[in-house]
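Structures are listed in the sections that come next.
Look at the two complexes coming up: subunit A is in both, with subunit B in one and subunit C in the other.
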Partner chain A sequence: MSQTNHDTPLVSVRDLKIGAVTDAKRKVEIIKGVDFDIAPGEILALIGESGSGKTTIALSLMGHTRPGCSINGGRIRVGNNNVTAMTTRQRAAMRGTEVSYVPQSAAAAFNPSQRIMDQVIEISTIHNLMPKAEARAKAVELFRALALPNPDTIGDRYPHQVSGGQLQRLSAAMALIGDPRLVIFDEPTTALDVTTQIEVLRAFKSAMAAGGCAGVYVSHDLAVVAQIADRIVVLRGGEVQEVGTSEQILNAPQNAYTKELLAAFEPAGRTPQPVQASDRKKPILEVTNLHAGYGPIRNGAPVAKILKDVNFQLEPGRNLGVIGESGSGKSTLARAIAGILPPYRGSVLVDGRELKPDLASRSKEDLRRTQIVFQLADTALNPGHSIANIIGRPLTFYKGLRGKARDARVIELLDMVHLPANMRHRLPSELSGGQKQRVNLARALAAEPELILCDEITSALDTVVAAAILELLKELQSELGLSYMFISHDLSTVEAICDDVLVMHKGVVVEALPASKMSECATHPYSRLLISSIPKLDTGWLASLEQDPDLIAQFSDR
Partner chain B sequence: MADTVSHTLSEDKAPEGPKFVFNWVGRIGLAVIVFWAIVAIAGPFLAPHPPGEIVDWDYFGPVTSEFWMGTDYLGRDIFSRIIMGARYTVGIALAAVTLACTIGVLLGMIAAVAGGWFDMILSRLLDAFNGIPSLLFGLVVVAAVGSSIPILIMTLTAIYMPGSYRFARALAVNINTMDFVTVARARGEATPYLILREIFPNILGPVLADLGLRFVFIVLVLSGLSFLGLGVQPPNADWGALVRENIEGLSLGAPAVVFPSIAIASLTISVNMFIDNLPTLIRDRSE
Partner chain C sequence: MTRSFLPYILVAQRLGIAFVTLIIVSFAVFFATAMLPGDVAEILLGQAATPEAVAGLREAMGLDEPALSRFVHWLLGLAQGDMGTSYVNNIEVAELIGGRLLNSLRLAAVVTLVSVPVALTLGICAAMWRGSIFDRLVSLLTIFVVSVPEFMVATLAVLVFAVWLGWLPALSYGVELDSWSAMLRAYAMPVISLSLVVSAQMIRMSRAAVIETINTPYVEMALLKGASLSRMVLRHALPNALGPIANAVALSLSYLVGGVIIVETIFNYPGVAKLMVDAVSTRDLPLIQSCAMIFCVSYLSLITLADLIAILSNPRLR
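Now for the complex of A and B:
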C-alpha cells in the first residue's frame, strides 16, 4: 500500500460486514469482511459489477445503509470519528461536514422547485457553519473552481435550467461546501454523455486537488476510474479481489477477476466482412431519405422532427453500428425502421421489399423479418409471463406452433442463447440481468428474423456480461446468417461487432465510417470529437487529451 | 458464463404451478366471506321468524334467549332480519362490484391501448357521468323504471363503473408504454392480446385492491338508497337499512343498531383482508 508517507490514514475500514434481510425474512450477507484505508488527499476507487457491494460500502462510510441493510460487524473510522460506534445524531452531525456524497443522478438529487443556490448552501445552513452571505460567496468560488459558466448567476437558476453535466458539477459543489475531509462519488458520470463526462471529470479532479480532500469514487468503468483515482479496490460479491495503485491494476493485474474485467473492456474486434462485389445481393436493409418525428402532424410533418434525411444500406451478413450521444436520434431510427414510430417521409426496404410506414399496415411476414431488441431487459419482458411463454409467443404467432412442438423449439432457442432448458419455467424476476438479455434475444430469434435491431442491448449490463452477450451475437450471426443494426453509445462495443458505423448528431447522419478504422477515417469534426472523448485505459489520457474548445462549444449542449 | 451454468444442475421439471397459499389473515377473511355467502343462500331456512313479522310488542328489545340480537323499532326480530338481509347486501354488492369493475377495467384498458379520439370521448363522457350525484342518479332511475333487484344492481354498477374505468386506465397507460408491450405491438399482436395477456396481468393487483374498496362503498350507497325507499323494498331490508331504521335505538342502548353494524363491518373488513392477502403471485407480479 502506498501510505508510507502518511502516518495515519484518513479512513480505515476493518473487517466490514453488512447484511440485509429480504422480504422473505432471509438473511443475506452483502459485504463479507472488507478492509481498506484511504490516506488524506487520496482518491480511492471502488470498482466492480452490479451487486458487488461498491455503493453499499461507500454509503457505509457515512454510517448509512439502505433500507433493510445493517452494518453487522467491523469498524469504520473517518478522521477522528468512529462511524460504527456513533449514535444517529452524531452521524447526522458528521455528514456534510466530515463526509459528503455526490449521487449518480444529479437530476434526482436536486429539488426541482428550489433555486440551485439555496440547495448548494443547505449543508452550511443545516450545520450553522457560516452566515448565508459567506456561504453564497463560497459557493460562487466553488462554481468557478468547477468551471461552471456564469458562476455568479448560475445559482439563481432552477435545476431544470442547467444541463446534466452542469447539474452534476453543481452537486459536487453541494458536497464540497462544508469542507468535508472525504467526498463520496457514486458513479457521478455514468449517466452523462462522453463529451460531457470529460468536462465533469476534469472539474472534479481539479476541485479535489485544490480542496485537498480525500475521495471515494464508485464506478463500474475502469477507464473513467483510471483518470481520477490514485488507488483502485476491485470488488466482487462483497469481497475485495485486489487493491493497488491505478497504474498497477491497469498494467499488471494480479487477480484473475481483475484480468477478466480488463479483457472485457476491450472486446475482441471483428474481421470486417467484405462487400461481396461479385454476387452482389440486394441489401438486407435500405433506408432512403428517412424522416421521422413526434407530436401532432402539421402540414404533413410532425411538430418535433427528430430524424432528418437518413440514408444508408446494409448488406446481408454485415453489421451496422449507429453511434451518437443521447438525443442524437439513434433509438428513433430503430423505432422508425421497426414501424413503432411511423416515418413521415422516406422509405425503408428490407430485402428489396418496401415496408409500409406504420405497424398496422405491415404484413405479418414483414414484421417477422425485422425484430427489435431493447436496452432494458427488465422492462422488455412481461413480469407476469414465464420464460416459455415469452419465447413461445412469437412461435405461436408467426408459425402457429403449439404444445410439444412449441416446447421443443423453446428449449432449442434457450440452448442457442446458452441458457438451460429448465429456465423456461421461471419468471423474468427470477433471472439475472445477463440472463434476461439472453431471453430477450431468444424471443427475437424465435421469429427467425433476417435483421435484428439492437437498441443499446449491452449498455445496462456489466462489462464482463456484456462481453459475453457480444460473443453470443457473433456466434449467432455465423450460425444463422443474421444482420444486426447495433445502436450504442459505446464505441468499443460497436467496434467489436460492426463492419460499418454511422455517426449521428441531432437526427442527422454526419458520417459513415468503417468500424475497424473509425479514428483514422473520421473527417467530420463531430465524429472526431466524439471518438476522442471515449476514455481510454490509460491513467494519463485525460491529462494529455486536447480538444478544441470551439468544437466542444459547437457540438455539445453544456 | 457464470449466469448460464449456475442452474443446469437442477432438474428439468416444471414446478407444480404457482402455489396459491394464503396467509392466516387472508384465510380469516375468506372464511368470513364464505360464512356470509352460505347465510345468504340458506337464509330462509336459518331465520327463526319471517323478517317482516312483529314478534315482540316491546320495541328496541334487549338480547334474550328468544331474540338473540334483540328487536327493532317495530319489535321485529333483528337476528332474522340480518340473516334475510345478507342475501341483499352480499348479493347486490357483489354483483354490482363485479360488473362495475369488469366493465370499467375492460374499457379502461381498451382506452389506454387505443388512445386517440376513442380514449378522449370515452374519458370525457365518463367524467361527465361522474359529476352526477350517485343518490340523485339512483332516485331518477328508480322513479323512471321502478325498483327491483336487477335495476338496483345496474344502478350501482353505473354509479361505480366510471371510477373503476379511471383507475384502470391510469394503470394501463403506464403499462402500455413499457417495452414488453412495444415488443408485442411490433410483433403485430392485436388489441385483445395486448389487453388481456400483456397489460391485464400487470394491473391485476391494484385493480383487486380497488375492487375491495369499491365493494365497501357499494354497501354504503345501497343502504343510502334503501333509506330513501329506493333500495330493497320492505318488509325486507339490507344491513345498511337496518342500521338506518334503528338509529334512534342507539340512545336507548338497544342492540338493534349494533348487530347490523357488526355484520357490515365483518363483511367489508374481511373482503379487504382477503384481497390484501391474496397470494403474492396474483397480487403483485413486480416482486
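Now for the complex of A and C:
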C-alpha cells in the first residue's frame, strides 16, 4: 500500500502548538510546532514514548484536548474542515462522521450500563445518518468484517460480557459506522495479549483497506506499527524527530533517537550462565508440586484453583524467566513463592530450606532472603514517605540500622541503582517512572536478598528506560551474586536477562526452555503459538505470518 | 443460567439484611427505652402514691414481668399491628400516631416533591458546567445552607414572612385549609425550611457523583463520537451515577420523618417527631417505642430502596 499520492493531502497539520497547565498552575508547551500531512487512504503512525505528545496530537485532529490542555497555535485541516477555527458545535458535527476514534482501552471506553449495539450505532443516532434498523444492519456487517463471533447477537450483550480483544474490535466497528475519512487508533492493542493482538491487527487492517479511509495509528511499539502503517512520524518531547516510510524508518533510520528506539527494541542477549558443576550448591529456589488459588477453602483446596502442579529449580546465579499471557498464573506464582498467597499444596525451598506457606509464619531471615519487586512502582511506593524512609524501613527491620548508619546505607543503595544521594529527600511523586522503579529495586536490595522475584517490572516503562533497568539488573547480579525470577509477558526482555524460561498457560507450566533458543527448542503447541505471535521489526511479518486457526481457538479465550 | 438469578439473589439478600437489622434495632429500641430513668407507675400515681398502689399498678400494666418476655410480647404485638396502649391517657398508640404520621408523611411528601427534582437538577447542571460561574454559585449557596442551622432558617422565615411581611401564617396547624391558596400558604414555610436543609446535601452528592463519571473514558468516548454535552451527561454519565445519587437522596429524605423536630416545633406542626418529644417528657414508653420504630422503619426502607436501585441499575449484576 505504498502511497505516492500527489493530490491534496486529506489532513494537514502546520506548526501545531499545544499548551498545558500543570497542577502547580505553571504553563508548559507540550507540543512544540509539529507539521505533517496524511494522504487519503494512508495510515500514518505517531510513535514515541510516554510524554512525547503522540496521543495529544492525535486527539487534536478531532479538535479535542484533554482537560488542562489547549491548542495555542498552528493550523489543523481535515478534509474541508479547518479544525482549529471551528466552534464547539461544528467540531461535534465532525466527530464520528469525518474523524473517528478507537480508544486505547476499549474496556474503559464502553459505557458499562448500555448494550454494545446502542453504543456502536450511537454515532449514527447522534448525527442522524440513517434509520436505526439500517444502522444495526450495518453494524452487524462490520462485526462480520472484523471477524467477531456471533455477529448477529453480540451487539445485544453488555460490555462486561465480551472479552478484551472482542471489545477492541467492537470499538473499531463503533469508529467505522459513520464512514469517516480518518480513523484515529490510540494504542488500540497495547492492553491486549500478543496472540489476541494479531487477530485484532489483522481485523483493523482489512477493515481499513475495505473502507478506504485514512488512519492515524498512535503507538509506542515499533513492531506493531511496522505491520499497519505506511509512514511513521517519530516524536519526542512534543517535537518531530523523523518522518519516513515504515521501511525507511526501520531499515535506514537517520535520527539518533530513532536509532536508540530501534536498539532498545532488541536488548542485547545474555550469555547463559553455565551450571557450575564444581562448586555446585543446592538450588537457590526449588518449587515442587506447587498448587495455589483464591477463594474460600473447600475440601482442603480453594474454590478458584489457579496454579496447578508447578515444579522447577533455580540454580544460584542463574535467572529464570516466566512468560505467559494475562491470566496464565505467572504473577500468582510469584505471590505463592513470596507467601503473599499461601499455596495449599506443594513446597517452596530456598537454598534447601523449606519455607512456611504463609508470610506471617516465616522467620525474618527467610523473609530477608527472598524479596519481591512489583510491576507498578507508583502503587508499591508509599506516596507519603520520602525515598530515604522507603529504603530505610527494610534496613531498620532486617538489619536494625538507625540514624547515621541507616542514612549512609541508603546513600549506598541509591548509588547501586545509579540514583544521586540527594534524591533520598524527595517523595515518589517527584520522580520519573524509571527512577521510581530503581527506588523500588533499591528497597528490595536493602534486605540483601539472594533471590529477587521481579513481577513485570519493566512492563510499565518505555522501551529505552526498560532497557536501562535490564542493564542495571545484570550489573547488580554480577556485583551481588543475585538470582532473579523474572516474570514478563514480553519475550525479548526475558531473553535479555534469563537463562531458562518457563512457559505458563492457565496455571500450568507447559514447557521449560533455554532462553537463548526459545523459538528453536519450543515443542509445545502453545509455546510455539506464543513465540510466533511476538511482532517482529519487519513490515511484512503480519502478512506472512501463518498460524493454525485450530491452535488459536484451542489456546485463547475469545 | 446463574447470571439471570443473580439479581434476585442479591435483592433477597439485601431484604434479608434489612429484616435482620430491623429485629436488632427493635431490640435496641426496646431496651434503650426500658433503661430510661423513672418509673411509669410512680409518675402516673404522683408523689402521694402508696407503695402498694404502685406495686398494684405495675402488676396490672405487666411491668413486673421479665424484660425479655415483655420484649417478645411487644414484638409479636407490633408484627400484628398492635402497638400497645399509651400509659398516659389509655388511648391506643396506633390511634395516637395515626393522624400524626399522616401529617408527617404529607409534609415529607411535599418536601420530597419540591426538593428532589430541584436538587438533582442543580447538582447535575453544576457538574455539567463544572467550574463555571453557575457551578460556583451553586456550590457557594449549598455550603451556606449546610452551615446555617435549620432553626435559624425557620426562625428567620417566620420573622420575615409572617411577622414583617405578613404574607404567610406563622403556624401551620389550626389554620383553615379550605382553599388551595390557604393550604399553599400553610405549607410554604415548613416546606421551604426543610427543602433547604435536605437539598444542600443532595446537590453536593449528586454533583460529586456525576463529576466522577464524567471523568471516565467512556464519557470522553461519547464526546469523541460527537455527542452534545447534555447527551454525554444524561445518557452516559448519569445512568452510571444512579447508585450513589439514590443513596444520597435516601439519606437526605430519611431525615424528613424523624429529624424534623425543630421545624415541627417552630411551626407548631403536629407530626410524629413532636409526638415523640411529648412522649419522652411523660415517660410514655409504648408511644416512644412505636415512634422510634417508625423512624427506624422509614430510614431502613429508604436505604434499602436506594441499595436496590443501585443493584438493579448495574447491568453487571443484572
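Simple rule for what comes next: the second predicted complex is superposed on the first by the 554 of 558 C-alpha atoms of A that agree within 3 Å, B and C clash if a C-alpha of one lies under 4 Å from a C-alpha of the other, contacts with A are read in each partner's own complex, and residues count from 1 in each chain.
What we mean here is this: a contact is a pair of C-beta atoms (placed from the backbone, for glycine too) under 8 Å apart; a residue touches a chain by one contact, two chains touch by 3 or more.
Please read these numbers as outputs of a predicted model, since none were measured by experiment.
In the superposition on chain A, A:123 contacts subunit C only, with no contact to subunit B.
Once chain A of one complex is fitted onto chain A of the other, the partner contacts of A:111 are limited to subunit C, with no touch recorded for subunit B. Shared-chain residue A:70: touches no atom of subunit B or subunit C.
Using the contact criterion defined above for the overlaid structures, shared-chain residue A:423 touches subunit B, although it does not reach subunit C.
Legend: residue contacts after superposition of the two complexes on their common chain; A:97 is shown touching subunit C, with no touch to subunit B. Contacts of A:62 after superposition on the shared chain: subunit C is touched, whereas subunit B is not.
Of the two partner chains placed by the overlay, only subunit B lies in contact with A:435; subunit C stays clear of it.
A simple residue count on subunit A separates subunit B from subunit C, and the partner touching more is B.
Residues of subunit A that touch subunit B in their complex: 23, 338-340, 359, 362, 364, 367, 371-372, 374, 376, 379-385, 393-394, 397-398, 418-423, 425, 427, 429, 432, 434-435, 438, 443, 447, 465, 468. Per the touch definition, subunit B reaches subunit A in the complex via residues 1, 3-4, 7-8, 10-15, 178-180, 182-189, 197-198, 201-202, 285-287.
On the subunit C side of its complex with subunit A, the touching residues are 216-228, 231, 235-236, 239-240, 313-316.
Those residues of subunit A whose C-beta lies close enough to touch subunit C in the complex are 59, 62, 64, 92-97, 100-101, 103, 105, 108-114, 122-123, 126-127, 158, 160, 174.
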